[in-house]
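Encoded as structure tokens, the structure appears first; notes follow it.
Labels A, B, C, D and E are assigned to the chains in the order they are written; within every chain, residues are numbered from 1.
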Amino acid sequence: MKVLLEAKNVSKHFGGLKAVDNVDMVIYEGDIFGIIGPNGAGKTTFFNLCSGVFPVTGGEIYFNGENITNLRPDIIAKKGMARTFQNIKLFNYMSVLENIKIGFHIHSRTRMWDAILHTSVYKRDEKLAEEKGMEIIERVGLKDYKDILAGNLPYGMQRMVEIARALALDPKLLLLDEPAAGMNPNETMALMEFIKKLNHEGYTIAVIEHDMKFVMNTCNRIMVLNFGKKICEGDPEYVRSNKEVNEAYFGKGIVVQGGTM
Amino acid sequence: MLKIQNLSVNYGYIAAVKNISLEVNEGEIVTLIGGNGAGKTTTLMAISGLVPKASGTITFKGVNITKMSPDKIVKMGICHVPEGRRIFPSLTVYENLMAGTIGNPSLKKPQIKQLLEKNYELFPRLRERMKQSGGSLSGGEQQMLAIARGLMMDPDIIMLDEPSLGLAPIIVEEIFDLILKIRNAGKTVLLIEQNASMALSIADRGYVIETGNVVLEGKGRELLANPDVRKAYLGG
Amino acid sequence: MNEIILKLKSIYDKYKIIIILAGSILLLLVPVIFPKSYIMGIICRILLYIILAGGLNVINGYSSQFCIGYAGFFCIGAYTEAILALRLKINFWLLLPIAGIVTAIAGLLICLPTLKLKGKYLALVTLGFSEIVRLIALNWSSLTGGPMGLKGIPVPKIFGIEFKNSLSYYYIFLFLVAIFLFVTRRVINSRIGRAWMSIREDEQAARSLGVDTSMYKALNFMYGAFWAGIAGAAYAPYTRYIDSTFFTLDEGFNILSMAIIGGMGTLIGPVAGSIVVNLLTELLRPISEYRLVAYAILIIAMMWLRPQGLFGASKSILAGKEIVKKARKAEKEAAA
Amino acid sequence: NVGGTKGKTEEGEKVIKFGLLAPLTGVNAEYGKGFEVATKMAIEEINKAGGVNGYKLEIEVADSKGDQKESSDLARKFGDDKEILAIIGDFTSGCCMANAPIVDAAGIVQLSPTASNPDYAGMSPYTFSIMGRQDAEAPFFAKYIIHKYLGMKNVALIYINSDWGVSSRDNFLKGAQEVGLNIVAEASYVQDEKDFSSLLLKLKAANPEAVIIFDQGAVPQIVNQIAALDWDIQICALGPGTSQQIIELCGENAEGLITSTPFFFDPNNEKQMAWKEEFVKRAGFEPTVHPVMAYDCVYLLKEAIEMIGDGEITRKAIRDNLQVVEYDGLGGPIKFSDAGDVTRKYLICAVENGKFVLKAGYDYADE
Amino acid sequence: MEYLLNQIVNGISQGAIYALMAIGYSVVVGVTGLITFTHGEVIMIGAFASFYIFQYIGNNLILGIIASFIASWILGMFIYYVCYDRFFEAPSHISLICTIGASMLIRNLAQIYFGPNQKPMLNIIDNKVYRIGVLQVSLMQIVILITVVVLASILAFFINNTRWGIMLRAVSQDKKAAYLMGINVRKTAMIGNCIGCGLAGIAGLLISIYYQTLQATMGGSLGMKAFSSSVLGGLTDTRYSALGGLAIGLIENLGITISTASFRDIFAFGFLITVLIIRPEGFASRKGAKSQ
């Protein structure tokens, strides 16, 4: 299998705090890769390193065979990595469609004069954004909401818009940070199905999630972080049975069982 | 102890909450469950006076607090841990906790110290991060801080809006334990949760809210067993 | 107000071509209708400020970089035109774009090192920049005439027609405003405009979507500066004399208040802002020394009554909470 | 040939109207207000005395805020208004110069009491200024006050970096060169400066015999800050004239200050004192040299109109006569050069016992 | 050498004046979270309040300070209701324009009612000049420097170590959450704003005594300097803002030493821009604060 994203010895320190500490990780093409770990374990920080939000303190990150360590976020995005945020970052005051149109930014070439003169480049770009944008909106089931301001949608839908917007980049790798947070169990189920479907279509996905039902049922491989260190990696069964993980993360397991006490 | 009668709240012309009545008795854990946008958060905001009410009355310990200003309501002993945490990002953890004590002017220095110790025991993470600014905490740590900050005012009733959002299972367990502990310490809890099954399993009573209306109410266990509820909120 | 705007818009959409045609003819005939140089002078001023407030609006309204020292760019444009016209005798029509480009480069220079700055800090840098530019104009006597200013700036000519008073200069301003609105409209409605707006709404998200925010912020600043340069270049031969006292911070605040009162984040906003503010200053004249008092009160009143400005983008992070609520209401009703 | 229409008041009297451009608001409001008060005083006096050639005078005051765009608009307004036969103002050279093409096109006199940019008056036949050219006063200051009266060799200059300040200083240098004065230190500042102490330290370090200030508004502050430095030095000021404000604002610190002035409010001259009293009563503050100039402007125009005699009173006629008028104003004698400005004659004054006194014997006219 | 030392003394005392204004400014920005252009006008009103006290009651410095503080406190209330109270939830440019409007309003009213001319403020404090070796320091300079140090320390202590300080900061960061803490947000914000304004009023008094004059239009450039100094200090930290004021004062005066005062603002702003490029949030830049 082809390695898509590889982290070698990646660290990130905030002052004295080692938020991410010497983490090695490999994501293969076609994976749904889960990252779990207690709060403050460094999961989001790790995503931020991969997507270029923070520079690393040490180590290297390779994407699709290319060294992307410390590149700017927009350059990394152009290379085919898209992401969502733990605390949703939509363009709240733009409509759903406009949000997604911005996702097509990297696929369009319009320059100042193209825009002023309405050249063929401009027309092609606008057409692409409009048509493909609608296509994606329909896929995530938000067709009826396309003209509503993104900030006015319920939480669950906002998460879907964020994913849709990331999909507009047509990325090789999709990083999702707690996509199911704030969703009720039914919505979570729908999301699971959707992510699996995307995966079937060829998207590689990395996901941070605290909803164990979600993680265990969708991911084929899981990495567990604790205090910035990787403490375990493997398939869901292996992770579930790992003692260290249980102590640090699952606790008594009430929640993992989906709440059936 | 807390009694809400025919409460309605509008945002502009949208009715977010329609004629809700509910009651919280002293020493109870009461939970509100319901889908996204059902009006749960809005109800809590209305109780703490952060949104104007279209109609209805809210009484707390027999006092009508419908028209009180938010800070006075808090000083009555109602603590609201809001959705999305809303900690003060550039205050340190310690200062955030101290900010929590403002809502209870009757607290004296030694009591504050005691409360602080108690909270540090509940959340050892916070002690470690004492001098760090609130904004630099991870999501879960912020949630802990928000709850701890609420507990610092030693309230009579604590209203928690989705306290488990984004927390690791082990912390969620801890928080639910904590909620029980709070109740056992004689306090009253009003809880909003997406994780309906957990919420109902610890709650004494629960209300199911849909599009601004109370559609069901009952004992926690009863609701948990109710097939409609299971289908709608517990994922089958 | 919102309802009125919507109604006006629907009427406009219906009779678009007729309105545009009739409007243009009317605009061309204005100096015939008002052959008074005083009235035309005010109209010229309004047009000048449409470009200035509009250019500033591109910066403040579309990418939310907060520039309050726009007068500095205006100053650079005016001096560039004046110096090159006086020293090198370059033709006005050539100088317009040259001044625009020089100013855009100045915009780039101040914006590049300050891309990381946010809100208030950037605001202060632009303010400082504006003062520095003015002081350079005041002190660099050999180039700018220093405190003596530059006089005798040649008036523009085309086909033997001299634009030497407000009646004729009106056409130059009108032409520039038309170009400005046309070009800006097209830029805003393209990928570039969308990128600017995404930066305004959430910079981090924009970056994660592959928008090179530094580049687009710089471009945005340059675009805004460019038009200030054009406005300056058009203004210098209009007054035929400039000195550094023309470009104080107050001038920058004046432009800023037009942009905000008219409403940021829309094209029509600065047009309305310029008209309202400039007319106000004229209409309030009879109350002599109380004029600025009344003007100040009116500004505050306008912000109280309509915080997003007359035609502000109610669908934007720029709009206040109230407005958000109203928009939500309308949308919910539409969706229902 | 523009103009020529004369308005009538309600009682059927014939009137001649002037326009006044003045910064009634903004940072220069003090001077604008002075303009307004002084011109109105002059007009009332003239009207009381029977007017000019049977006409009553009227003045339309317009607030330019010191903003050249507004000033230009107002100049256009006056230009369009056929009833207005001449414009007095504006205060700053910047505004006046921006207006020059406009008044030129409208063929209306713009007579500025204060515009001091040496280029201004020459911009059009219709632009005039009575402030006085610095190529006379500044050399006078160097040659007579410093060299002859004080007998000093080494002086330090501090000047405002404005058209007026710079041309004064340049002309001063010319005069200084002729008599071999040494300029041991120089410093400049811009409008609105508040803290002069470091500039003064710089001057002090050069150890001059006298400090010469080229400014109007900031003179009191500089004098005070020299005192605050505990620096005992001869201070001279070019520009403020015998402005009572200096004494009011400096108190004892002003003792010994020497200024040049085109005119002098002689405490023994009843007429002048009455004028001053009247001004203070109306404006609420002591006059500087500026309102005096504005006052003279009205009389100049009156003289010019009187010279027209029986001819038609037009804008053009006013201009032509203004050019040749000779008038002995409150602020000294005035006669325009071809360009339209004035070369004045100056007196030496000093502050003694809290009062300005005339130091006779070095009158420029005597040379 | 002597000359340079005296210039440094000069720079420090001018810096102290900037610092004095900046302290109040940073309190205002700290609690409202919004920048203001009314600060210069508050300074001016503070100066005028004491001017009239001195004129009608006599040269009593204590009375003057009280009058300045009260007058500017009241003005602070007015500014709060006009510019902030209803705009906390709205984008910041709205209240910014309101402050520009309010400043225009206050300045022009002052010009009409106090008169547009300069007014003297003579002999309030004895002008004693002390010589320490080659150094020359005036009593007024010492008074101002001490005032700055004392005020900045008291305020920093107050804001960082007292419950009131926590309240003020909580209000500035998240008004809704502050309500939920039982803080009366509007009252706290108003009092915070008034404290800042009161300090500005005292600054106005000291400035007019130092320069011995005052005028209705004096606020404009002073307010701008207060803003700059405060930005240099990171806008909300009183100690750093005071430091920012001192730094700007020093740089300006050293700059003037090698050139002339026409370049004063070029040095001030040039320095400021340079600092901001290196430290985007002024002296007080905190590393690693998550921007959420």
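Heads up, the rule we're going with is that a residue touches a chain if its C-beta (ideal position, glycine included) is under 8 Å from a C-beta of that chain, and two chains touch if they have at least 3 such contacts.
Nothing here was measured: the structure is a model prediction, and the numbers come from that model.
Touching chain D and chain E together: C.
Counted as hops between touching chains, the shortest connection from chain A to chain D is 2.
Across the two candidate interfaces, A-C and B-E, the one carrying more C-beta contacts is A-C. Separation between the centroids of chain C and chain E, computed from CA atoms only, is 32 Å.
Measuring from the averaged C-alpha position of chain B to that of chain C gives a distance of 49 Å. Chain C and chain D, compared by their mean Cα positions, are separated by 37 Å. Of all residues in chain C, those that touch two or more other chains are 135, 138-139, 204, 289, 292, 317, 319, 328, 332.
Touching of two or more other chains is recorded for residues 136 of chain B.
Shown for chain D are the residues that touch two or more other chains, namely 25-26, 29, 33, 161, 190. Those residues of chain C that touch chain A in the complex are listed here as 183, 186-187, 189-195, 197-198, 201-202, 204-213, 219, 315-317, 319, 324, 327-328, 331-332, 335. By the touch criterion stated above, chain A contacts chain B in their complex at residues 14, 17, 36-41, 44, 86-87, 154-157, 178, 181-189, 210, 212, 248-256, 258-261.
Chain D makes touch with chain C in their complex at residues 24-26, 29, 33, 61-63, 65, 68-70, 72-73, 76-77, 79-80, 92-94, 97-98, 100-102, 105-106, 117-119, 123, 161-163, 165-167, 190. Those residues of chain A that touch chain C in the complex are listed here as 51, 53, 72-75, 77-78, 82-83, 85, 89-95, 98, 101-106, 108, 110-112, 114-116, 118, 122, 125-126, 129, 144-145, 147-149, 151-152, 165-166, 168-169.
Listing the residues of chain D that touch chain E in their complex gives 25-27, 29-30, 32-33, 161, 186-190, 192-199, 201-202, 205, 217, 220-221, 224-225, 227-230, 245, 248-251, 284-286.
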